[in-house]
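Paired with chain B in one complex and with chain C in the other, chain A is shared by the two complexes that follow.
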Partner chain A sequence: MFRAVLYTQWKSSRPVLLLAMLVAGYIPVQTLRSMPYKSADTYHIPSLYYGITTASTYYQLLALATAAVVAIASWQADAARQHVYALSLPLPRWRFVLLRFGAGAALLGTVAAAVGLFGGVAAALAPLPPMLHAYPVGLAIRFWLGALVPFALIFALLASNPRIVRILVTAGVTLVAVDMMLAAVGVIESPVIMTWMAEAIYASNGPLAAFLSKWMLVDV
Partner chain B sequence: MSDRRPLVSRFAVVARAFMACALVVCAGALQAQQDAALIARRDSLRARAEALRVEVARLEAIERDSGLAADVRAGGLHLRTTDTLRAVAAAALADADADARRMLGAEADLLANHLQFTLREHRAPYRWTYSRSGGPSAVEADGRISRVSLEGTLDDRDLLGVSLDYPVDRAELASNALMIVERAIAHRLPASIAAWLNYRVPLRPDPPGFWPELYRTLATADAAAVRRCVAGDRTSCRTAFALDSVPVDRVAAWYDASDYPALARNAGDPLQRSGMYRSVARDEQDDCTVRNHLDTCRRMLALLPVEAFRIPMPETARGSLTRLALEMGGARAVERLRTSTDTSVGQQLAGAAGAPVDSVLDRWMQRVIAARPSSPLPSAGFVLASLACIAVCVTWAVRGQPWK
Partner chain C sequence: MSNAISLKHVAYRPSKEFAIRDLTMAVPTGAIYGFLGPNGSGKTTTIKLILGMQEADDGLIEVLGHQIPQGAPQALARIGYVPEKAHLYASLTVGEMMDHHRAFYGTWDAARAENLRRQFALRTEQKVERLSKGEAGKLMMLLALATQPELLVLDEPTDGLDPVVRRDVLSALVEYVSTRNATVLVSSHLVHEQERVCDWVGVMDDGALIAEMPMNTFRSGIKRLRVSGAPPVLPAAPFTLLGRTATAGTEEEWGVRGWQPDMAAWVTAQGATLREVIDLDLEESFVELLSTARSGGTL
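This part shows the complex of A and B:
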């Protein structure tokens, strides 16, 4: 059953996944081959490190985009058929959801593997200075875990009751609007809910913790 | 009649000329008189304005200090503040005194005799409000304290203070008081090491993650000498710290050829670089900074003044080495540093540590190299936070009924 679910999801998100793998290969090659940073076959370490730090942001954006597309593709076919086919399958709903989630996670895993593989090959070919080391496996794990969080969020949002999602979104928008209005008219000094949400989301152990650190292919 | 007319006419001409001359002379004298009066008036107004400025400053100082009714003492340290801030100031000053005493020993008492803290409160004079008809506008605030400022004076010399958000907590205030102590003690050191330390002797404990971050900074530094230092080369460390003296040929001593293109782009300040850029054609500049022709880079760098190449070891690293020397030297280390007559920074640090500078350097290098960040695999906290978030989302998804 898992293979069937995996195959259908692969089919629907195949172009994006292939593109993501290509980008995953392009980022380290572009970062490590940059000739202006090299002089007499030696990298200028600060410039190289700066380039790798910039590439970290590209990896994060790639993870975010891939996660969003795979999550949407997971439910696209079911949503188009009003979930009739999914409900007619001889297996409980919770198991079907887990299969869908597992398939999405596996597909994200292939992109993460591509990130690790291409990063490893590029780092092996590049004449890295002795002070710097390549960490393709660490980067791949970070990429996979980092992509799984937004994937799970979007996946859950699409798998929920639309009425509840509407209520949640409306309530959230109303709270934020009231909060900002109260701050604007001077009842409170600054938006409380916005601050609280930002602190909760960007806390060191918050849901976006993965995106707060750098995803370095090459580090000290 | 006929022969009298020319005479009258001539007389009239002479009289008119005389009157004109008299008028010119009088006008000039009048003008000079007016100018002198104006100048005198201007000078008197200037003097008055200056006197008023002094008076305003005096009155402002009196007004500023009028609320400073509370005198707080902790150990030898002395702070003036308002009654509102007395409690937090007393607690913070006690913490700062304990920390300073731990590093400075008896020197803390000597310093305290010359150091005076002031903690002031600042109230926002207005706040922004919004009305549908008038848009945003400023209205008088309710007089709550919005910020506090901590200032330090060392023998009537103002030290750079700090402004903090209110309410301020004890730890933050203590840390900032200690920062002022760091600046105060640096002003009492010999000029060479005070300048080397950028006028701040590090007394505060290292923040979490300081050493791994220092390793990363040094391993990816602009100067090859710094990178070789963190790779374990002690001689490079001595050179990069400029412990013995600042080298004559700074570029050759501190940098590798591969560093030259970036150095040509970044060395010195914009004014110093502009002189170099004026002397070199655009194509030649590109030869160095884009095409990495090292001979061109050498020529460009030779055009920069020697002051453009500062000690490449970052200030944090110099501070950490000094702190280590003070720790090794024990209670009287700062006193030895203050009274040192040695000329080189290395000898001064060795005197403070009570050990050869190489052994201080070796311990510092060991500490830096041991702090090398391990593989950037996600930490346990990161994995747990991610898995917890994923678990919550999956549970939410399992219970969802999107067809409804």
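This part shows the complex of A and C:
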């Protein structure tokens, strides 16, 4: 069953996944190629650090984008037919949802594997300065776990009852709009809800905390 | 006689405009049950309730001995379902769709699937999204039959198909049912088509089941009488008078249910003359029932 579900998701999201893998290959190659040194003995630390941290941002953006697309693709085929086929299958709904989630997580794993593979190859080909090491496997795991969080959030939202999602989104947008209006007319000093949301999301134990740290291919 | 499907006092309101009201219905095991009704009468909604796709607000639904929706997965493993609209994954090919479906059914009969694929002239490499309506209908029937179901639930399976495809689909269905003795619930608004294959009939209108009986009773029991000189008020009749329509002069047409030839004496006893007893085909009977139900008459 899992193979069958995985295959349908692979077929519907294949172009995006292949593109994500290509980008995963391009990021380390481009980063290490543009380093202002010719060999491991001649390097410029600030430029090297800048290049690697920029690549970290690219990895994070790639993880977010891939997670969003894979989550949407997980339900797209079912949603297009009002979930009739899925609901007619002889298995409990929770189990089907779990199969879809597992397949999405596995597909994110292929992009994470590409991140690790291409990162490892690029680092092996680039002359790294002494004391610096490449961590392609660590980066791949971080990429996969990091991508799983937004994937799970979007997946859950799309798996929910559309009416509940509409109510939640409408309530959220209304609250934020009122908050911003109150701040704009000076009733409150700054948008309270927006600040609270940002703090909750990016707190060290928040759902997107992984995106606050650097995703370094090369580190000490 | 046991029932493959049993609904008792089921109520469901999916929207403000439409509701299923106090629906009690029974599909006997082994029957080919024609589920008739005009578009929007609630046939598809009832089918979705039967399959556990939607949850009733009230009442009891039992399918193949399983309570629905709690036992829906166990029941669905023994049901072949062909929905009203194509529900297949567009990105897959015919072969991939068959493999995908097989993964969920331990009862999948690969040989039957392959035979049906050849019989329906479907190519494994054809993309589902490029299938014509007829090809998609045939693929859905193939998937339903290859799981060797004890119960087939077909929602307008031939709607919009050309006569050749319709014949192919129906003959595959009849061949399967005759060899497996499966129960079939087939919904349609194409009344003449039901007449050929069904042995039970249920008529749905505006969210309620207005009649349910063996096809023979339905077909032979509803007649149109041409009567003249009948009094305006009639005493209780030995048949069900569905409706009275004045035609010319003192002549009237009566729609009746449960008519027997010896009841002509009762008509004469009312001072009326029975001029003609007209046999109705299924479609005319269906229309007679619907118009009676809509005018609030006794069914």
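In this section, the second predicted complex is superposed on the first by the 211 of 220 C-alpha atoms of A that agree within 3 Å, B and C clash if a C-alpha of one lies under 4 Å from a C-alpha of the other, contacts with A are read in each partner's own complex, and residues count from 1 in each chain.
Convention: a contact is a pair of C-beta atoms (placed from the backbone, for glycine too) under 8 Å apart; a residue touches a chain by one contact, two chains touch by 3 or more.
Just so it is clear, the structure is predicted and the values come from calculations on it, not from any experiment.
Peer 1: For the combined arrangement obtained by superposing on chain A, do chain B and chain C clash, or do they fit?
Peer 2: fit
Peer 1: In the superposed arrangement, does A:Val220 touch chain B (first), chain C (second), both or neither?
Peer 2: first
Peer 1: Of the two partner chains, chain B (first) and chain C (second), which one does A:Thr170 touch, if any: first, second, both, or neither?
Peer 2: neither
Peer 1: For A:Thr8 in the superposed arrangement: first (chain B), second (chain C), both or neither?
Peer 2: Once the two structures are laid over each other on A, A:Thr8 reaches chain C alone.
Peer 1: As a test of reading the superposition: which chain, chain B or chain C, is in touch with more residues of chain A?
Peer 2: When the residues of chain A touched by each partner are counted, B comes out ahead.
Peer 1: Just to be sure I read the superposition right, which of the two partners does A:Thr54 touch: chain B = first, chain C = second, or both, or neither?
Peer 2: neither
Peer 1: So if I put the vertex at the Cα centre of chain A, how wide is the angle out to the Cα centres of chain B and chain C? Nearest 10 degrees is fine.
Peer 2: 150
Peer 1: Is A:Leu87 touching the first partner chain B, the second partner chain C, both, or neither of them?
Peer 2: Both partners, chain B and chain C.
Peer 1: Using only CA atoms and the superposition described at the top, report the least gap between chain B and chain C in Å.
Peer 2: Between chain B and chain C, the shortest C-alpha distance works out to 8 Å.
Peer 1: On chain A, what residues does chain B touch that chain C touches as well?
Peer 2: In chain A, residues 82, 87 are touched by chain B and also by chain C.
Peer 1: Tell me, which parts of chain A touch chain C in their complex?
Peer 2: Interface residues on the chain A side: 1, 3-4, 7-8, 11-12, 77, 80-82, 84-85, 87-92.
Peer 1: Which residues, counting only chain C, touch chain A once they are in their complex?
Peer 2: Counting only chain C, the residues touching chain A are 51-53, 73-77, 79, 81, 83, 85-92, 96, 99-100, 103-105.
Peer 1: Could you please specify the touching residues of chain A with respect to chain B in the complex?
Peer 2: 36, 38-40, 42-47, 49, 75, 78-79, 82-83, 87, 93-94, 97-98, 101, 130-132, 135, 137-139, 141-142, 145-146, 148-149, 152-153, 155-156, 158-164, 184-186, 189, 204-207, 209-210, 213-214, 216, 219-220
Peer 1: In the complex, go through chain B and note every residue touching chain A.
Peer 2: For this pair, the touching residues of chain B are 127-131, 136, 139, 215-216, 219-222, 227, 230-231, 256-262, 290, 292, 294, 372-373, 375-378, 381-386, 389-390, 393-394, 396-404.
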